[in-house]
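Chain lettering (A, B, C and D) follows the sequence in which the chains are written, and residue indices restart at 1 in each chain.
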């Protein structure tokens, strides 16, 4: 018997602007990561996870910093394009999780990306001159909202 | 008898990168403001003002947010250019000051900018969900370092 | 008798993202200029002006570079905020025009900005290693779409 | 007998600015990719490869767009930090190459990244409204400068 958990997929729409493109007239790639980070935050918001300044008080969680990212650029995009970023959590690990993104323009795959992120708390001794973070166990309250 | 105070001028060097340019192959203008903000911070660092996370403890000052900016774009710049940003404080007011920037490429004036900035402290009731700031009187410890 | 021409006002909506904010937890100001530039392009698109790569062929116009900008920052904004950018052309001059922006969060004025922009064509001798532009007279085809 | 080709390593220095950091007071990760792209361009410049607007005329090569990137974030960085980005070409393939980056702060590894890039030319039918690129075989003139 197979028990399959279908994780939620959230779609975030992003317009490509003139200033997002470089002298080759295509999206300058770091901008894809700006949008992916926005899509990641929107994923949690749409799943009903409170903003990080609230979870900081309730769970100690200040955000989901990136540990590892692997992206594949398939087709170029340019200004005027409207992109859909489909986001879901592909895997839950003990102290990290894999977020998977597919950026589409209509039926065309533009870029896909797998990220490993953690739920972060302030590290002991953390302060403004020595910012530091540590990974915490996946909070079950957050996980259940994303599945 | 005239007593003239010559304020310090600090020069910050900035290379223009490919990704700073737009499909017209010239610097996309918001990037000039990124560099001006960096030049502003470097001005204070070079004048010997401690980092804001230290002045937050000693003076309550958390930074110098912008109130008003007026920029004039004279010549275009493109990637490969090396720009010099000359920065000084043109005027001290009761609760604000004017920072003046001239961005040069060799002898060519590229852009000039006058900003009104304040020294900011946290506002009462400020917190993560309701960030707020207020202007404080010009700290004489900081002013004397910049003149 | 007063003949008043009411220029069109176009509203562009912009979400503030986590990465748009700085360590003071408020929007880092160069990002306002990113959004204003997008609002400027959307203004022309919404008024029915063709994309610049088309006007380049029909009118020689490659875009509307900025000559002068004056912005006033009134209230801070932070991530999660939804901003409305109201844009119209406040003045037509011989070879330039004034775009006026009001960035609102509900009823709160966050920032207002007046820009002087030109309609630009390639300058003679313009090429990839020496990019150059020149101002052209306001194209009546474009002006009539924006009024 | 082993013939080992040592590819050149070029180091690019990058200061972290206030505006590069997010509300968690650490570098917002898309900025690492901005710097890596700059380091990539500087690598070729330092190796003596002409700017892309020249190679466009001589070799048809307009740049080195990214096909795939894999990055690992090891330690956080914050404003005031000075980073060294060490760049070399780790592998030459038929129509692509692997650029390897190590971002260090003194002896601390901050981030490492492997990219697959191509040498790109305009695709037939490429124009402003349909930008398109294609991979060309590694130009031996460029390869020999980088080894």
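Just so it is clear, contacts are C-beta pairs under 8 Å (C-beta built on N, C-alpha and C of every residue); 3 or more make two chains touch, one makes a residue touch a chain.
Only a predicted model underlies this, so the values are computations on that prediction, with no experimental measurement involved.
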| item | value |
| --- | --- |
| Joint neighbours of chain B and chain A, given as chain labels | C, D |
| Which of A-D and C-D has more C-beta contact pairs | A-D |
| CA centroid of chain A to CA centroid of chain C, Å | 30 |
| Cα-centroid distance, chain A relative to chain D, in whole angstrom | 23 |
| Euclidean distance of C-alpha centroids - chain C vs chain D, Å | 32 |
| Two or more partner chains touched - positions in chain C | 18-19, 25, 28, 30, 34, 37, 51, 63, 79, 128 |
| Graph class of chain-chain contacts, one of line, ring, star, complete, other | complete |
| Residue ranges of chain D touching chain B (in the complex, touch as defined) | 15, 17-19, 34, 37-38, 41, 45, 51-52, 63, 79-80 |
| Chain B contact footprint on chain A (complex, rising order) | 18-19, 21-23, 25, 28, 30, 51, 53-54, 56, 79, 127-129 |
| Residues of chain A touching chain D in the complex | 24-26, 28-31, 33-34, 37, 62-63, 65-73, 76, 78, 120, 128, 131-133 |
